[in-house]
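What follows is a single structure, written as structure tokens, with notes after it.
Letters A, B, C, D, E and F name the chains as they come in the text, with residue numbers starting at 1 for each one.
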Amino acid sequence: MDPKEIAKKTKETAQLYFSTVKDEDKPYHLWRHFDPGLARDMSLYITGQMYARNKIPHTTRQLITVAALTVLSKPEELKLHIHAALNVGCTREEIAEVIFQTSIYGGVPAANTALSALKSVLEEREKE
Amino acid sequence: MDPKEIAKKTKETAQLYFSTVKDEDKPYHLWRHFDPGLARDMSLYITGQMYARNKIPHTTRQLITVAALTVLSKPEELKLHIHAALNVGCTREEIAEVIFQTSIYGGVPAANTALSALKSVLEEREKE
Amino acid sequence: MDPKEIAKKTKETAQLYFSTVKDEDKPYHLWRHFDPGLARDMSLYITGQMYARNKIPHTTRQLITVAALTVLSKPEELKLHIHAALNVGCTREEIAEVIFQTSIYGGVPAANTALSALKSVLEEREKE
Amino acid sequence: MDPKEIAKKTKETAQLYFSTVKDEDKPYHLWRHFDPGLARDMSLYITGQMYARNKIPHTTRQLITVAALTVLSKPEELKLHIHAALNVGCTREEIAEVIFQTSIYGGVPAANTALSALKSVLEEREKE
Amino acid sequence: MDPKEIAKKTKETAQLYFSTVKDEDKPYHLWRHFDPGLARDMSLYITGQMYARNKIPHTTRQLITVAALTVLSKPEELKLHIHAALNVGCTREEIAEVIFQTSIYGGVPAANTALSALKSVLEEREKE
Amino acid sequence: MDPKEIAKKTKETAQLYFSTVKDEDKPYHLWRHFDPGLARDMSLYITGQMYARNKIPHTTRQLITVAALTVLSKPEELKLHIHAALNVGCTREEIAEVIFQTSIYGGVPAANTALSALKSVLEEREKE
């Protein structure tokens, strides 16, 4: 793919997913702090070449991301993708259901951590 | 819910998901070997009270299961749910995409293990 | 088992384990926030059909839970089960020993996180 | 503790736990292949200074080890400690119960892997 | 960076690391089976934009990879990088030392799995 | 090795690695709170018999520790070893590079957590 095209897709997809996330909470912000060139490579690859693919809808992509981050027990990263899931049109019921379902595979404690993250994102968004 | 209703849903959902899986490869078979009563309780809970819920479509449920089992690196369990995903109508392209996507969260080695499991299930099903 | 009997066992076992845990710290509280019906199913299964079994004493059951949550590095969930372990009669020395032992399997950092959780629960209980 | 005393305890505890395990399946065998001096240090520390402690009974120590290795999904190491658990007097029912219980924390797939390991050790021991 | 330059670096680095690994054992082979375009993107990113960086020597890069794959318990992926570590000039003693050291963090069972992988790669290379 | 020699090496290595870490943040402090004798055994083994070995330089040993703790997602323990890495002469660029590299194996979210830990240690040290 043309580098300009990848850069354009990266920007559009980042906007679609993370418009409600503060800049300082975005991983890109942290990567750039240590290595701006690599930060750009990582962003173009992850957002432009992976998230921007159209093999599955963005709603499905975000729900599988919620599932993965739940069983990996990464609540901070999960909060970013709960924002993204809500931003592309997933409902809070669907997100909760994905977390409940993954309790079978990754255990109940990991699901509890994820439900707390979901509760906290929903409360934060209601305030605004 | 009525116990008879749960038992009925358990049977229907198990049939929908795992009709192409050999009995001796099903976890229920293993649980029953050690404790038939508990095996029944686990099966009614997992299949009848969790998988049978209709909050998300079975295709989505199986794709999030693929995501969870990929990052947990459980290839044997994953094979069962790749069967289930194909049985409820997911395509091989969608399943592969879910695995590729989760390489960002759970790492590339876990995704490689999952792609090998997918390749092996597809080859097995083509033979039959 | 009779549904009423399971409900009774669930209540008794929850009381035995978690009487010293605040309601808002219990997973059930969080589950119910998102799905009261499923919260009830999960509670009846986990507490009434798993914890309430009499194949091993409650003290052993809580020590193995401490071991599992230590190597999984889930300190919040661990705090609940350190309460439960102390409530069913385990000593602080036994709980510490279980955590030290599991450092061999799950690594020293996970054990350190668990010892901090133990220290914090003991200090909290001494205050009351 | 006196170095001779530690060496004696290491030998006695290794004999108590692993008399039914083939030499080539013991981690010590593998460590020694790469570094005999460190292999000795590791063995004296793990077996002589940790397993040989008398703060909890050997049966409890082995059941918590089974719990830890189940949620870590390490079936080969688990097989050694299922031998050890049986050798110090745990029953197969108790070992199975520990594995079932930890399915709540570490997920059902990890428990399934552990039950398969238990089944395989029991079959192997019945043959002899 | 210029796309041609990245492609050149990808080829050179892949050759430096994996010349002793059979094609069918390389992840690229598996990715291409499912999605040739994405396989190329992943390869250019991982090998050309990450491995090819010169911030740390290739020997250090491979030893940290051995450490990561040891605690993640991914023996198949580890075998590839043990090849790479030996191919860039790490000694078997250094690789074994890295594995022994990480037993403190990721636990002894994960280190045992890694030492078995190291033993198997060394035996395979001695045969040739 | 002579017990006095191990004690001497333990002290020297602890001083070399952790002179900039507050006593109450050191695991030894926590171990001693629960079991002073075992705390001493663990310290002599981990610091005196493992860290003090001279098979690889201290800089390499700390970078592989950073890699292991990154993929295990243990930020508190990681902070101690980022101090150690800087104390033995690793640069912040090398530490960041190790974390970026392990994002391939353990996933991007684990690397993000580690980069935050690195940022926080660097800021703390700059203040002093």
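The definition used in the following text is that a residue touches a chain if its C-beta (ideal position, glycine included) is under 8 Å from a C-beta of that chain, and two chains touch if they have at least 3 such contacts.
All values derive from a computational prediction rather than experimental measurement.
**Q** Of the pairs D-F and A-D, which shows more C-beta pairs in contact?
**A** Pair with more contacting C-beta pairs, D-F versus A-D: A-D.
**Q** Pick out the pair in E-F, B-C or B-E whose interface repeats that of D-E, meaning over half of the contact pairs match by residue number.
**A** B-E
**Q** Distance from the CA centroid of chain A to that of chain C, rounded to the nearest Å?
**A** Inter-chain centre distance comes to 31 Å.
**Q** How many angstrom lie between the centres of chain C and chain D, each centre taken as the mean Cα position?
**A** A distance of 24 Å separates the two centres.
**Q** Please list all residues of chain A that touch 2 or more other chains.
**A** Answer for chain A, listing residues that touch two or more other chains: 38, 46, 53, 69, 71-74, 77, 100, 103-109.
**Q** Hey, which residues of chain F end up touching chain C in the complex?
**A** 27, 30-31, 33-35, 38, 42, 46, 69, 72-74, 76-77
**Q** Under the touch definition given earlier, write down the residues of chain F that touch chain B in their complex.
**A** Result: residues 71, 103-109 of chain F touch chain B.
**Q** Spell out the part of chain A that touches chain C in their complex, as residue ranges.
**A** 73, 92, 96, 100, 103, 107-110, 112-113, 115-116, 118-119
**Q** Which residues, counting only chain F, touch chain E once they are in their complex?
**A** 46, 50-51, 53, 55-56, 60-61, 63-72, 74, 77, 93-94, 97-98, 100-102, 104-106
**Q** Flag every residue of chain B that touches chain C in the complex, lowest number first.
**A** 3, 38, 41, 45, 49, 53
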